[in-house]
């Protein structure tokens, strides 16, 4: 006999690319994981009635709305999920949090650090999630596990790139991601935020940065590319690059860590793989292990398909949601939450200031935030 | 306003690994594709009531049954989907076909060629599908397209391997796939059938074979490995290998074609990639193109996620089902159907006879079948 | 003070591609290895006086001749090295051996098995070398070492391909390798012989074969491609393919071994790499090690350049020669010698007979040869 | 009949790793290339008589000396080749140049920019070569050709890493490369100089840099790692990293360029490959071409072995020397010469100043040098 599980009523604001990815996760989480809730896809909210009706039908939402204000305070909503352009995140999240809703939000959390802090403050008493979904790529979860077990040893180098190539595509010239008022920034919020979140997860806090921002397209309002140097609190050094002008690369979100005992390499375009170098291997067979992270012994993958049967992009959202729900049920603290996203914004702010001032900038410490909470 | 679409009531026999993959496809097809039916997951049928109840709850089946006979003739069932051990395929499929149901069946279709022919005969008047799902890997669909466009030119070589490594795993020693009465064969039906189906799709009919079967585990009833040479009707030559003893390979379903104008390479463990060599490239930059088959310009992928966002194993079932439903609605002939699977069994029979007799064997021609239909 | 080392006077018959590779090795061996002889490049012999004069000047040969008969019996010659078309190997080698010369010969040793046996017989009392140079690719020598140490365990599968693509190149249509009278065979002697030599080295004797020969070019006298199945004496099974019609592949001499404890993969186009899978790795980091075989701990490479600095094609000849000279000095038995090449020809004969008769053929055992010696 | 070619008498100062690489090139250049000189290996000079005697015997030097001063002014010396620790470069090169000798020198040319300028000034009237040998990797020469032909289009991004891992090896803790007085710097001069030379070659002048230097080993006098951002004069942006603490990487000298029309990727550990992306490819087959740069149509490689037969590290020195001699004969200007090395030092100086001052630094322009010459 099935045990009775509590219901969670979901409302999703937004019905674009992320709306699809989230809706899919809402349906699929319970199929692959033993989630402790019954999810009910109550309301999807979008600006254009017809589009959102179609969306609702396809993705199984019960009700359609076009005004988010009315939705986030509804009594029959437990969770508000935000998948709209960046400039709307704060208002929706703060309103929802005030109404006591659980808040899930796309990245980047906010338009800038002060806004991110206000959001985290407002949501201090509700569970939050930020869709830094790549933390739950099985290979990245394995990387985290190896780092935590000391398999990399003392870290020396961290190197991350997030390379896309659609920045000059005339067909996409009008998208909101190029408007400063809508997106806040270009690749910084869109791509670099992902790389920074993973770096903070895998290699800890960043102490200071020196950065360079570039906009290749005349009159474009936001950054097309960013490159930066970083010193981490643990003594390692790193570099980051994010761009929409890396011809030949569709979605190369990649990183490498070199430590005293080993090394790790990952590339999102081949997300079922992790390359792992171990100095403890016999000398004559030392070389990066080409690990197909589909089990056995790997995070999440027992949940999906048998060993050797790969997963895709969407599974990162499914695993993120499943972990969140499990945390929620046992009242644990889920990561990445709004506070984690504030830390990403702290680095982003330092990156922006560094580029503007052409000087090294310290990353403001989380201590600031914590004290402000007390 | 949504157009009204007809309903299709599904019954699925089996609730194991394939039951999961099919159920997932039944739910997901309509989300990623514009399918011309509303699918209703009516009945799932399994032997153990408790297991199947759990399964039904997780995968959203309305009703549970334990006796397939009662299911396949039910008036409220339009489609019977078969995902049980091989020895049960024929009885279920024939019964269902007689009852006028649309029949979907896992591969290998049958225990042997005569049985496959009986099934095809019995199902002559109903639409059928065999889950040779790898035809719908986007990269393989692209390969087919390139072959059809003449990009490979006159084919010289076809080389396929399907390499797994769990054959000696003591924890799996008791599975039905090792019992001759249940599985019919070992890797021949399980793995080689996939490779043959793709070869027939991409390179046409096989004229004759010389093969070798091996069972590494003492007293095992079925083949652990098969290797074979082949002459294709188009004049090219090939080799096939399927094994569960390829240490280091979880699911390396790979093939290569070399022709007068180009070459193609694929590996299921990296299923979003296709390597394409084109002799028409300028001499100094000739080299295999490493194509990330996630669009633009690629089959299916506009259906899933944006370029650079990879798909996984399960999407092959989703795309297979979507294509089938589209065919069904316009009364077209879907492939792979039961007749296509008969062709695979024709080769399998020749392979088995060749290995037993240690001699080359012709593959019986499909003409036989066609005439028998008249 | 340098120790006095004996001189070895060399004569080389042939001044083509192999003449270059051998001459280079004669010069370079003493630079990278501590060879126990002083090599003197006495005579190079070629048909066209002008060509061979140029060659001699470039490659540092003291004297030029155009008639091999006069050369192989010269008192001031200790070593006769044969790098001419296949049909000339036997006469030269037998004459040289009768004159008591050390004989080095290109592969394939002979036009056919009987000739190879005659050559081995004639050379029974002199040291011999056959230029199966790939045995001394550092990565292959490492593979041999790993096999011998049991790192692969009981072997299950052996898979070799030697893929080239120049078979249809009109500019090369007139080369001697396409004339049966000069070459004896096509890819069998040219490419498959290499693959077989490595297989015999790494996986032991081949018991029986089933093969297929194909000539794609009308009126061509020799085989353009060969594919074959093999049963090894150790119980493993294998396949081999050699072709000049593998569009996209310049020189892909590749093999894989899967055993109970591990696996190995090699590709000559990337000859400084060996992929090594070890089942003894911790489950979560199991995956092929991508080993850059340039030391430390690797065969030969301490001889060449520091770790990470790769070697090329020519170094395989250098290492082969150095090993031979070291054996010679201590009167050890060098491999591959004429007897080893006879074993390759035993397989080649079985391959040819199998293809002609379309049946499995046993490989004649070396016992035959040994008894014939008694 | 051979044409008479002039003789060039060589003296080499140094008999270590670079002494081997250069000696090898001196012997091999004339075998693979049609060089317009007869090279005579006259004198090798080293500190320890016994070591250098052994070296001379092995590498075919006629005479041994231990005092470079006496050598560089010798009448029977035309060319002085410098392969000693960095702090000795200037004195030897200047003395040799004053004596009218042709001067070849290892990189980094000097201990710092002023010294480099003095050297270039002193050598203004003699032909010079700096052993930036990687310019002549066939794949890099192909990259240069593609860039010059506009195949990359307008460049956006340049990304270079030079990753080694021996920095913490206790067995090598005492080498001169870690002593500031001998080496001048750590990875900056040793590794970064190579990356910068290639960047200047392939992507033109660097306008400004922001950098970070790190020494991981306590009390080590030189930099273990450097990371930097760069703005190029052509408007593209870039990053560089050089380190001896990249666990898992033996000699990964790699770079990537992304431009409006294409992209290029190279890695020295796989030096016979170039990855080339071309936007002009048909959409559905766009992907990096995996080019095995061994001909046909590729730079140098017709000189070495047939297509598909790879070359190694040492061939970069051979091709460099051959190009130099060809320039010398026609009194052309060879690159990289001392002036090119000065440009590298200009960047290195800016890098060092940037790291010390923690600020962006302009790279002093070559105009300075040119005017100082007038």
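Order of writing sets the labels: A, B, C and D. Residues in every chain begin at 1.
Operating definition for what follows: contacts are C-beta pairs under 8 Å (C-beta built on N, C-alpha and C of every residue); 3 or more make two chains touch, one makes a residue touch a chain.
Everything numeric in this text was worked out from a predicted model, so none of it was measured.
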item: Chain A on chain D, rotation in degrees - Cα superposition, rounded to nearest 5; value: 180
item: Most distant chain from chain B by Cα centroid; value: D
item: Contact-richer chain pair (by C-beta pairs counted) among A-C and B-C; value: B-C
item: Separation of mean Cα positions, chain C and chain B [Å, integer]; value: 42
item: Where chain A and chain C are represented by their mean Cα positions, the distance between them in whole Å; value: 55
item: Interface hub residues of chain C, defined as touching at least two other chains; value: 249, 288, 292
item: Touching residues (chain side chain B, partner chain C) in the complex; value: 156-157, 159, 161, 163, 165, 168, 210-212, 214, 216, 225, 227-229, 231, 237-239, 241, 243, 245-249, 258-263, 277, 279, 288, 358-360
item: Residues of chain C that touch chain D when the two form their complex; value: 2, 17, 21, 23-24, 27-28, 30-31, 53-54, 57-59, 164, 166, 249-252, 269-272, 292, 294, 304-315
item: Residues of chain D that touch chain B when the two form their complex; value: 142, 145-146, 275-276, 278, 281-292, 296-298
